[in-house]
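In what follows, chain A forms one complex with chain B and a second complex with chain C.
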Partner chain A sequence: MIMDFQVVVLAGGVSKKLLPLVSKEIPNALLPVANRPVISYVLELLELSNLKDLIVVVEGEDAALHVGGWISAAYADRLHVEVAAVPEDVGTAGAIRAIAHHLTAKDILVVSGDLVSDVPLGAVAATHRRHDAVVTAMLCSAPVSGPSESGSSGGKDKTKKPGRYNLIGLDPTQQFLLHIATGAEVEKDLRVQKSILRAAGQIEIRADLMDAHLYAFKRSVLQEVLDQKGTFHSLKHDVLPYLVRSQLKSEALLNGISQVEENGTEKIIAQSSQQMLSQILANASEQTFHQRYVLGPNGTSFRKTHKCCVYIAGSNKYCARLNSIQAYSDINRDVIGEANHLSGYSFSAHNNIIHPSAELGAKTTVGPHCMLGEGSQMGDKCSVKRSVIGRHCRIGANVKVVNSVVMNHVTIGDCCSIQGSVICSNVQLQERAVLKDCQVGAGFVVAAGSECKGEILAKK
Partner chain B sequence: MGAPKKSGGGRVSVSEDSDELVRVPLQAILLADSFNTKFRPITLECPKVLLPLVNIPMINYTLTWLESAGVEDVFVFCCAHSKQVIDYLDKSGWLSQPNFSVTTIESHNSVSAGDALRLIYERNVIHGDFVLISGDTVSNMSLTQALAEHKERKKKDSNAVMTMVIKRSKTNPVIHQSRLGTEELFMAIDPDTKQLLYYEERTDLSKGILHLDKSLLADNPSLTLHHDKQDCYIDICSPEVLSLFTDNFDYQHLRRHFVKGLLVDDIMGYKIFVHEIHSNYAARIENFRSYDTVSRDIIHRWTYPMVPDVMNYGNTATKLERQGMYRASEISQSQSAVIGPFTVIGFGTKIGNNTIISDSVIGKGCKIGSNVCIKGCYIWDHVTIEDGCKLNHAIVCNEVTLKSGAILEPGVILSFKVVVGQEFVVPPYSYVSLLQQPVEEDSDEELEYADSTSVITSRVDKSDEEDASEVPDTHISSVSELGMGGVGYIWQKYEDNEDSRDDFFEREVEATFLRAVNENIQEDHLILEVNSLKLSCNKLTADCAGALFYAMMKYAVDTPHISLDGLMQNVKAVLTKWKKALRSYLTDIDEQIEIILKFEEICLESAKEYAPLFTKILLYMYNEDIIEEDAILSWEDEKRDADEADKVFVNKAQDLIQWLKVAEEEDE
Partner chain C sequence: MDTRRTPRAVIDPKVRKVGFFAPPEPSQSGLPDPIPLPSSSLSPVMIPPPRHSSENLLHHARPPASVVSGASSVSIEGSVVAGGSYGSSSELFPAPMSPASSSYSSSRFVGGGDGDYCLNGVAVASPGRGGGKAAASFPRGGFELTEAKASSVPASELTTVSVVNDSSLGIRERDKADNGRGSALEMKDQTANSKQKKDKTTKAERRALQEAQRAAKAAAKAEGNKASGNVTSGNAKPAKATKPPQKYEHGSLLPDLEAKFFQLDTVHPAVYKAGLQYLSGNIYGSNARCIAMLQAFQDAIRDYRVPPEKTLVRDLTAKISSYVSFLIECRPLSISMGNAIKFLKTRIAKLPLTLSESESKASLHSDIERFINEKIILADKVIVKHAVTKIRDGDVLLTYGLSSAVEMLLLHAHDLGKQFRVIIVDSRPQLRGKILLRRLVEKGLSCTYTQINALSYIMHEVTRVFLGASSILSNGTVYSGVGTACVAMIAHSFRVPVLVCCEAYKFNERVQLDSICSNELGDPEVISKVLGREDVNYLDGWANTENLQLLNLVYDATPSDYISMIVTDYGMVPPTSVPVIEKEEEEDLTSHHHRRQTGTHKTGNGGDDRVLAPPVEDEEEDDVVATKQRRRPRSDFSYGCTKKKTRWLDGDDAVALGGGGTVAMSWREEERKKDD
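Let's look at the complex of A and B:
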């Protein structure tokens, strides 16, 4: 069944939000998380669900070349991947429009390339099919952002609230998506359609869930919406809210050519009984409100509805999107920390990964939840805590690295201290540089003895 | 601290002691006045709480429940027909129960529940938590859990002043009413704490969006919106509730003012919680529909033990027979009479030959003749129904006489002592009373008792009231509305006014505007008057704009005109003259959109003459700077996802919109 799904991975381009970490050479999709490109997490998740036919959509020709090059090298014999380049800033809806001619399957699974998760995609697809939904969105718990400082500030964590990403309205059975507010709407007053509340009887509004940007769409509906609504720019902000909003009055959507296509030669009248049948097959004891609404007071079908479903990831599942610098630090920390099964590496007894070819100086300690890449060298009396260090780095003596990500080929002089920072590839840190909460772009040279806090350092 | 005190047993006894010290008997306030006119014309003569519900006056259900729920001290607040209520309570023995003290509090000038509670506060009789209930509530729920929850919350948070009892009930999607005939109710509840966050009744059906303030979600990760709950009107209140009513002397209605006031006010931080009951019964009889529903529920024993054979009220025993038939003693019934299931027959009633009765409640001492057909009716005491009458879903009060062959169509209410003439057909949904219909001078908020005297006096000068019943033989001059030998007036239905807007505010604004036109009042004064209406009705500026605009358009269309051009001239004249007044409410774009929406509504409903002129008038208003182009464009935007039916006018105005858009681009 799952093979009927066509998968589109929206890998983005070079996101401004992630500057200076990304560049034309390292677009979003290739940003390393625990020393491997972030897109590999999605690809492996898809492979795990036996979804091997993929279209990866990249914004910008250059970026597409790099992403395509890496994927074909890494997954040549495992996945069948087509990489499509679309112009920059077309938005997620525009990206789908641009590749629409490639889409042929009944349902489309749209995944964001920056998703790091272990949610079974098969379960999402099954939910979608079970309800014959036009869209199924995966929701996960909104991540608690920021570094989880251990020990002293433990009390602080209690007051910390998870960020608000979406306001999501669910029916009491938590199967249907009845309301969604995204983006700036989240901070505004809540505006819920009464007609939907009337039909459902009860809506639970949740602020602690996040739309993970993993959707299953009915292809015909998605294409029709994209065709008809030329101004729609984003799947998340335009298409999904539109489908949710119009779920009880979808005549505009489904009675066109696609309806005939969907139902073949069947008459519309037969549809309600068909729905009943599918309901029985779905093994549900009660009709869902959509059907009750359709059937109306005297059993006649007078309205068309469509279903927007949700798949809510269990609280034990990991789900995060790499769409900000903060998220980049968080995900790196988690993938070698609490969600280390995602990294694909096996951890040592000290709960860390030190590549056999890495060299450590005397009295140097690498704590748990750390990673040290291939061929990296560290001097004496260094200390690494909760950090990722890439390949072939040269690190001097007396260096402290805490809660940070150091990419490949980085040179760090003696007595440097790095805390809560991201150091991109080929950066040179001269002696006694002190960085706290900084991002250093690729190839940048930090002068000896400089002290920086909360700065972005990058080549002009 | 000694060791024994620390032990569990010791502590329990200590806390019990401290409880004992402050322990006050559980009190209740029973409002024996509904403060509305839903049960007119019956309530002009008899207080609502004494109306028989399955042959037992309603207040008995409420009092019996309070007694069984552990309430020890009840204050019955009587206002309308207070004398009757007090006499009844005295006569029926409620005032002299051993462990259940019932005290009456009488008032003659209270017009609302708010007034009642203020008066009770002044009496200083409530000392602890109390149950607030009205005398028309039927319930069999146990208060223990709700009370414990209330006290527990109160201990933690002294601002938790009230617990409302709610029950699941699905609203019919077509008529927007629940089974009890109540209007739809939207609530927002915190699923964890059960705190009530939002309460909206009397919904404006035209507004399709439920608007919740963002602050509600600021502290809660989730909340639940409900449309499937019904308010049982059983409240557990802390004594603060009474003082809150006193502090806010403008609170009248328990829900519309008090609950809303508390929810909106975030300075004092008072909180209301809900307690949902599942298997128990609780319902309030608010209107004739719920009277019917609750009666059926009682007969079907959902309210057990509040059922006729258990309550056995008075000295006559009622027995339950098979098929849900309840029969009192000394009934004389003809062999040929057929009495269907789920019927209650009162003491001493006589039923003639070949009479068919089903799904009905018949009171005591009724005389029902032969060949009568009674279906789904509530017939109270000492009613005489002569041969060959047909009654279908009607309420017939005490001592009514139906002459032979009279027919009651569904939904008829016959008040006390009405006589329906021979072979007369009472039209569906008529209200018939011996009292003339009171002149409808104020709105729905008036009192039952208010005009019971004035009406009787005004009855004398009644001569030729509207002849609603088209009876051929109207030669009996005084009371001929009910056919030969009939006595009573058929009330005109005010629900069926051609003017369906029940909004008091809009009507007032319209009247104010017309006064301004006719008496040539200055614009500034008009603005002043509308502003004061806005404040007194608690409306938004957008409402003022809408209402004023409506008044103007109505005036323009009412001014004589021959053709569409003439109408257009009228509109121009009115708009030009009163532009300033209208504009003072249009400072914001939202208000301008409101006007356009209002205009659409006018074109669709009240004055369809405007429909062909829609774009023209819109353009005129744009040229006169009454509305800005942004308003028109956002209006179009708002309608983008609407049903095609709602877009008629957007499509009509498409030329104008396109023109505006092009003009905008050129400006850039």
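Let's look at the complex of A and C:
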């Protein structure tokens, strides 16, 4: 428990959004990104931050078994990981509820297992500590729609996208979270609480920020909220907005107030000096709008407040969540492309990674920002551009792979063309198959000569 | 003018060249290099390094400090610097042992072979079918089987899937993987070896050694970074080493330090929090900073466990020292904090060996508690009680910036129903006067707010100036927020009495004749930018300009000549009496059994009148008695002070002076009275 922080990684289970890529055997957390399970990015980030005691919460026992098995194989004697299985569909809040009795530290760092980022976690934690906040959320700039959207994934996502706004209200110093509304809540109108607006004076509404699902919570408050509000399902959609909403009329017994009550038994002199002490400290610390609000216009009223902070990741940091198929393609491309320091591989002079054991046929070209896994074989005259190809794939002659992800043990016949697609493990593509913007589930066999565009192909 | 007053040449405000100076080397101990310049009669002054950024310790290979030519360096004429700068008061903050021990990351590299660890059996098992059963089968299932109450979700058990046996292992393995890092590791071992040799070497040799090691380490580190590609760039800054030594690093320090949050696990979270708050400016004002620090130390001591085969006294002192050096890295200590640390260390050192660990901790805890209560809170109350007698109806009071004592004074006077007006003078960049203004206006005081440029105009109507202080040095110099000297001087020229409110624990024995020889450098960024005026951007990108140096001093020193009176918890004294108070305070803080209760101080006559005064050559008046034989009174500031005799258990016959009593006012004040 370094710095009195405990880390909970919410690895999820088998997400419907990611079908057909995920399955019982490959839950969300183990989905390969550049031939490494996505959870390894989070674990590595945590390890880099010297956080070695982790609790990984997985939805579903099978999934937990797989995730636990993988972590123990890969991180034995590097990390001290404990895996907890929770029933499916309990939501993120439910997951925390289920392990609440294991949480003892002062603050809890909750990280989503599908986060791919290089933001220093310490900075989030430090911001949280510095402000003595109830919750600190990490925000990062939302992926710019446009270039990333072109060339991949079906039209289904596109129609969804405009509705999925994240409206985030910040105070002028960009340190505090004043408003948060996500997805469905946003309709035509934006409702902002008057009291918060009045206290802060000014709210900056941002739509270009994304909640990275990395939170630091004060444990006591988190547990209290989860206990009291049994209906809360999700940290992001229920708990965080609740804390933000109630920041000026805090119901949870929070900062300092409980302390004063505890000290009530002591002598009166001690208490008065205690008050003076806190007065001195409060007077000499930077006034946030919370404190000004507590004082009120007359300086007498005593209201309870708590702080909801944000840490905004710098624009030079990479931060993405693997929560959709679109995001999966994007992240794969970024990890071997512009954010290649995340992949942990060293790139060749051609800016790609070809495993020494991979075999390339004559006149086969592997372009920059590509990755070719261990033991894969490619026939003659193939061309691979901006794609990831997994381990032990057998690729015939004259195959084009562009902007795609091909997982392990995939067999691709001659003259196939794959563009903007995701091919899961053990798929067999027979000759002359043409795939554009498709997702092919594990073990599927694509018949010879078939042409697909924007389809989901999976075993029934 | 009072003729009895011996004519004393008022020291002219010193005009000095404030030019360019070489960035001081980030020495471990913070000792300014005493390199004399033979050719020039002017002694170059090194402003102590603003901060030892950990970046410096880890990455920077700086050349040994070279002082640029005498003409361009900051010069002072005949200044006496006693005591030294923040970092150099080594009895307060002993220098860290060696680079290896002070660089945070290195502590993880434990020497020894690879085979000295054994893996715990890695338990992989099916995650809890029936909760309790699963837990029982795991050796590490140390969690209680408490059911999560009021939740629809069944509590789930944790399954340990991987275990770290040796916390250093992970890092070490990774380091082994790439050669560059490996060499860094060796370098660290080397440093560790040299640690044993260290004792025999002289100071100079040690410094040279440190320098060499740091350079080597930085080189190795740079190599390592290159070798490992971009993998580590998440929190390391590879480009840093190639940059020229920066003039100032405050801007980049906060993100750096924040990013290292979990790496610095040797620092207690409470101390870390305090440090971050200093760094980000969330806490300011020497009282508040001191209280925050002491409370952090309280927390740290509460959580402290004596490691096996160590003694509490030594180990805790070292621990506190490491915390202090962390705090210095965040922001240089204020003198009040230095005094508080000194107090704490004395208390630790004087802990009876017979006490058990918990008793010792409880004793220290209550010592700190008492320090805060007596030296700060009660002291402020006493100060307010004294100073409020100097506020009369119809007064126009002027204050500068934000001082907690002055604020309390003004509010108290207002509560007493005194009719007065307050002029708050403020200055960029901190504009803390606004904070004071806000609070005073809220309480219904009538205020005028102005900037320091308008001081000479507004001073006409002022009847008294109340100032706060960060410290008072033993020659009576008031060390306070920058601009204070200016206010005091203008008030002096307008013959307005200047009263400084300062708690006695902030007094310091050192002597400082001007502001430049020891000061804190603020972030130059803030003076180059004007809040809310985007168009004032003439200085943007100044950091790249070779021949520009922005100087943002945080403190300045006001010569005692401009101070009429210092209000302390010992009473009101002229600046010339500071050494006496300072001595009393020193004895009080370091005495074994200190029994002084500031709270018991009574105003009024509690005993025979005594006078505190510093040794002064001329002795004219007979009605003054020195507290101690060697101290001679000064005539023109005669005043009575009630004395309260206290029993000192160690037999010291020192006299603790009660606060209050009648206090003769400065001549100017008397003059005013006559006018009235």
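What we mean here is this: the second predicted complex is superposed on the first by the 395 of 460 C-alpha atoms of A that agree within 3 Å, B and C clash if a C-alpha of one lies under 4 Å from a C-alpha of the other, contacts with A are read in each partner's own complex, and residues count from 1 in each chain.
By definition in this document, contacts are C-beta pairs under 8 Å (C-beta built on N, C-alpha and C of every residue); 3 or more make two chains touch, one makes a residue touch a chain.
Everything numeric here is computed off the predicted structure, so don't read it as measured data.
In the superposition on chain A, no contact is made by A:A447 with either chain B or chain C. Of the two partner chains placed by the overlay, only chain B lies in contact with A:I203; chain C stays clear of it. After overlaying the two complexes on the shared chain, residue contacts for A:I99 are found with chain C alone; chain B is out of touch. With both structures placed on the common chain, the touch criterion links A:I55 to chain C but leaves chain B unconnected. More residues of chain A are in touch with C than with the other of chain B and chain C. In the superposition on chain A, A:A126 contacts chain C only, with no contact to chain B. Shared contact residues of chain A, touching chain B in one structure and chain C in the other: 297. The residues of chain A lying in touch with chain B in their complex are 162, 167, 169, 187-195, 197-208, 242, 245-246, 249, 252, 293, 297. Contacts from chain B toward chain A in the complex involve residues 170-174, 176, 184, 186, 188, 191, 203, 207-214, 216-217, 220-228, 641, 643-644. The touching residues of chain A, when paired with chain C in their complex, are 2-5, 45, 47-52, 55-58, 61, 64-65, 68-69, 71-72, 75-87, 90, 94-95, 97-102, 106, 118, 120-123, 125-127, 129-132, 226-227, 230, 273, 276-277, 280-281, 283-287, 295, 297-299, 340-341, 344, 346.
Every residue of chain C that touches chain A in the complex is listed here, in rising order: 119, 122, 124, 126-129, 140, 143-144, 146-167, 169-170, 173, 229-235, 255, 257-263, 265, 269, 272-273, 276-277, 280-285, 287-289, 291-292, 372-373, 376-378, 380-381, 402, 404, 407, 435, 439, 442-443.
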